[in-house]
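Working notes, beginning with the structure itself.
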Amino acid sequence: MNDLLRMYELMAVIRRTEKAAYDLFMAGLVKGTTHLASGQEAVAVGASEALRDDDYTFATYRGHHHTIARGATPEACLAELMSKATGLCGGKGGSMHLTYAAGNMLGSYAIVGSHLPMAVGAAWSAQLRGSEQIAVAFFGDGATNIGAFHEALNLAAVWKLPVVFVCENNLYMEYTPIASVTAVANPAADRACAYNLPASIVDGNDVLVVRSAVREAAARARDGGGPTVLEMQTYRHFGHSRTDPATYRPSWEVEEWLSRDPLTIAAAQLSKEDVAAADARAEKVVAEAVEAAKAAPPAEGALTDVWADGSSTWRT
Amino acid sequence: MNDLLRMYELMAVIRRTEKAAYDLFMAGLVKGTTHLASGQEAVAVGASEALRDDDYTFATYRGHHHTIARGATPEACLAELMSKATGLCGGKGGSMHLTYAAGNMLGSYAIVGSHLPMAVGAAWSAQLRGSEQIAVAFFGDGATNIGAFHEALNLAAVWKLPVVFVCENNLYMEYTPIASVTAVANPAADRACAYNLPASIVDGNDVLVVRSAVREAAARARDGGGPTVLEMQTYRHFGHSRTDPATYRPSWEVEEWLSRDPLTIAAAQLSKEDVAAADARAEKVVAEAVEAAKAAPPAEGALTDVWADGSSTWRT
Amino acid sequence: MADMTYREAVAEGIAREMRLDPTVVCLGEDIGAAEGVFKTTVGLFKEFGPTRVWDTPISEQAIVGAAMGAAMTGLRPVAEIMFSDFLACCWDYLANEIPKVRYMTGGQVTVPLVVRTANGGGLGFGAQHSQAVENWAFTVPGLKIAAPSTPADVIGLLAAAIRSDDPVVVFEHKGLFASRGPAPPAGHVVPLGQASIARQGRDVTLVALASTVPIALQAAETLAADGIEAEVIDLRCLVPLDMRTVLESLARTSRLVVVEENPYQGGWGATVVSIVADEGFELLDAPIRRVAGECVPLPFADSLEAQVIPTAARVIDVVGQLAAY
Amino acid sequence: MADMTYREAVAEGIAREMRLDPTVVCLGEDIGAAEGVFKTTVGLFKEFGPTRVWDTPISEQAIVGAAMGAAMTGLRPVAEIMFSDFLACCWDYLANEIPKVRYMTGGQVTVPLVVRTANGGGLGFGAQHSQAVENWAFTVPGLKIAAPSTPADVIGLLAAAIRSDDPVVVFEHKGLFASRGPAPPAGHVVPLGQASIARQGRDVTLVALASTVPIALQAAETLAADGIEAEVIDLRCLVPLDMRTVLESLARTSRLVVVEENPYQGGWGATVVSIVADEGFELLDAPIRRVAGECVPLPFADSLEAQVIPTAARVIDVVGQLAAY
């Protein structure tokens, strides 16, 4: 299968997994909250294609796409959302904390910006161990205004660490436009100057463009050239989270971006037959995942997994 | 008296007050720790001269110069250092927390960077009250790498607040050169790009140069032009704090900077007689301050001043 | 009196003070045009406009730090930290700056500000959006702490907090936002530091706060059917802490159970117990028990979360043991 | 055995582990060439060089956050936060990230890191450099907490902390840096969670930690002259908390005083007391007392500071009251 078709299919799987998550929410089978990444699949898939399997990635509460792109199954993700024992995190993490350590996807973090220093630390570790791994932090436009962003970029630059900072600029924080609270036009790329780092602004909805941008940054990182800031321009199709109808977005804007759907853009470069076949495979994988997740046993172990020995004992 | 002479005299008072603090420390009459600003007097005095009396200033644990420059007496400062009831903060603050609210010097803060957001808030308050006051935050080079710096500058820029960020770049944090841990050459000025703010690099040892740079920035702030970043190049004559012999600094560097002593630079533009007279007055003021502070009663009230009603009662 | 939700009471409580005092201003993430992610600032932006209600970047330190600077210079800011877990992102201001500046300046500076935040679990938001962290604030001398359990108390305590010249952290409980209660009359103020007796009883004292007040009341109803009359004290505030009301109740009941959502280790209930074990020792007829959060992070799955936060069933169980003592 | 200072023990304890395990790396402000502002990293940079001992910018979040990322990927970082007050600047990592990631990933990720920090008062450093904040960490399930009182324990607990696969916060007490004690032999390890009985006695149990251990011992000496034999328990760790040793001692003495430097409100001693007031209720012959920090910020003036942190005199006074009970 050619690269683009493979990437298309992965995006199709992510899209359908999130659609399933939404439907399961409406059916009362997913609780809490979810933040769909629909519309932003190309960032995750293009980036993952550019990485080695042993490279580290860190994501946010909006991390379904990154988790699946690094190899987690739709079933394990959906089972997590459905509070099942077979979920990625055994039902203890939920949508906001999807983690697939077996694929070096080292977690989804729900405190904005908190994972940027962690990615820096993973890159530092790789450098010290001489493993030639790199680390990638994915974060939103809103994260560029929090202190941890600044500290992370400076430290990474000073230590010339193999880390790539990938901002998914989808124009909004929760309900407020990033432009209204940020002193520069491109919240990530226009900050790179403060750390003497290379930056580029990337079409985040074209999976091939994403892949080549991340490839270049990853190569620089691996070659000892230090960190890069990539600002991916993209858009979320839905509201910030389950409860958000996103009425604050002008309909022309939504339409414009829907017309630039990453799946459509990729599909346009593939044959109709290939796309249809990939869609069918994706459909099947996700449908089976939903059934398997539904059938799985419920989460258990509220008092396990605090300590490395598996317990939560804090006193004698 | 001409401006420069007045400023010279104020610097001379500061210099001698700190010398007295040092001597009192050695005599066992000052406890805890002190961070001398000797060598950096021009920043405080030049800036204060450029401000209105009702403008707000915020400083760091290295804040003797800023406190006196805003009008606090050497006696009240030394009494504070000597744990006296007549100290600026009644002996509860100490060297690191000198505050002279009557002069709108709203405090010395000992958590690096913490006061930058406070200054932003004071500027916001001034803007909302339509008072045409401005706020100034003085901070070290080391503070430019902490998260609060980033958050403060962005918020100030977005809200176009009347605040001036004055970095006193003295080349070192505690014992480590700022250059070794910062991704840009000018830790404050080279960060202004990330907030779309004007910045300049200023000779921080020439009090007239400092004054005109702050005047310009203050005028911009007062006129609705928003924040400015000023990076003052300066040097501390002594170690970071009482216990630091500062052996990490090459002697050529120390000598070079000692030859650029702000008092020497100002004196060179004044008559010998004027300087001698000013020195004598400064000498006398500080000598009297030392005696008065020594004679003052000891601090009291360990359990007062927590709440606005003066008490510290937290339960019935 | 008409009923209102706890959520509505937050916006109403702020609005009442904003109408009275032009120096009251609000700032926080998505609180303006979006009216708050919990809809607790509905109507404020419309009524008071962008010079009184400010949307901020995601910059918790700048939010609370700027509120502090503004409070030092003539305003009464009401800062929102969206989820109380995020207090950790600006903890320096809560722990080291705001509560200390008055003391360390020898009384030169006061900081009349309010930090409001949505606290607590029970909604399946997982480890980083569900914590009850009122005990974090309780470790810091110099902060007043309110945590209302009813819409009327929300309004009354917000009034007292906003009018206070001291810094106050107001913990609004996420699990209570949808709950209803009578709307209080105009001018309603609940002074900081006065507990209320939410239910009278002679057999055991249940000390509760915010979310655990309805839990304790529910337990008390069930216990009453078994002939055990529990007195339920709603502390309303942790600082000032109304120990007089607790000790007076204990003088009547001789038995104490503290019901708190924060984890057992380092929970505020421990301080309440330690005061009782000292000053109320002779009043006690039985061991003191705490029903608190388990000492684990909050799990996502609802079935797991229910096992780690206090429930009426656990309270009933513990009271039953004490009654049998 | 030769004597060493507590300060020297810190550097020695780290060095011993660095020699054994090449994945142990240090990072922090001024810890390298400058050898630490408290001289607690003397010799490390010289022996292990710049790839094992890293000077950082003033970026507490990046320090601890990077340590976390490194710990997740094969290293055992030892991060220094210069003064424990500054933990507030990276509290998100201590409270929300490090202690939760193992749990919230269902055990996929472990975080074997140590955060070391200089804690406590008594040196006239004022409100923002003097706090005893071990109780902050105690509010967070998922952190282990050590706080040694002797040079030997510094080395033994650092060894256990660095080898632990769980995150450990080690509170080194500023007031103890200059104190001396025997140097422990090679291979000395003090397991986390085992209290030591620093002095035996039959009349009253004094529970202490770090700086309050010498205070309690000093009080015990004076009390002995009056015929009161105090047993002094050095908890060594807050998590795991060795309540068995406390309860066993109480079974012998029937009286308990907790001596802690952190403020009374929200102090760790309250949790110790609350466990005793529950599980040890029948052992008690008298009220339980806590000698703790006053609920105020730390004042600069030494005469004032001495009034707000625990002293042997206060312990003696309180024990005297209990003995007379």
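Going by the order they are written in, the chains are A, B, C and D; count residues from 1 in each one.
Everything below uses one rule, namely that a residue touches a chain if its C-beta (ideal position, glycine included) is under 8 Å from a C-beta of that chain, and two chains touch if they have at least 3 such contacts.
Quick caveat, the model's predicted, so the values are computed rather than measured.
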Between B-D and A-D, the pair joined by more C-beta contacts: A-D
Distance from subunit D to subunit A - Cα centre to Cα centre, in angstrom: 39
CA centroid of subunit A to CA centroid of subunit B, Å: 45
Length of the line joining the C-alpha centres of subunit B and subunit D, rounded to whole Å: 35
Mean-CA-position distance for subunit D and subunit C (Å): 30
In subunit B, residues with contacts to at least two other chains: 89, 91-93, 97, 109, 111, 145-148, 151, 154, 158, 180-182, 306, 312, 314-315
Touching two or more other chains - residues of subunit C: 56-57, 59-61, 85-86, 88-89, 92, 96, 99, 103-104, 126-128, 141-142, 239, 241, 265, 294-297, 299-300
Chain-level touch network, classified as line, ring, star, complete or other: complete
Residues of subunit B touching subunit C in the complex: 56, 58, 87-93, 97, 99-102, 106-107, 109, 111, 114-126, 128-129, 133, 135, 147-148, 151-152, 154-155, 158-159, 304-310, 312-316
Of subunit D, residues touching subunit C in the complex: 85-86, 88-89, 91-92, 94-96, 99-100, 103-104, 126-128, 133, 135-136, 138-142, 239, 241, 262-271, 273-274, 276-279, 281-282, 284, 286-290, 294-297, 299-300
Subunit A residues within the subunit C interface of the complex: 31-33, 80, 83, 89, 91-97, 109-113, 142-143, 145-147, 173-176, 180-182, 248, 298-303, 306, 312, 314-315
In the complex, subunit A residues that touch subunit B: 145-151, 153-154, 157-158, 180-184, 190-191, 193-197
Touching residues (chain side subunit D, partner subunit A) in the complex: 25, 51, 54, 56-57, 59-62, 64-75, 77, 92-93, 96-97, 99, 101-110, 112, 141-142, 164-166, 193, 239-245, 275
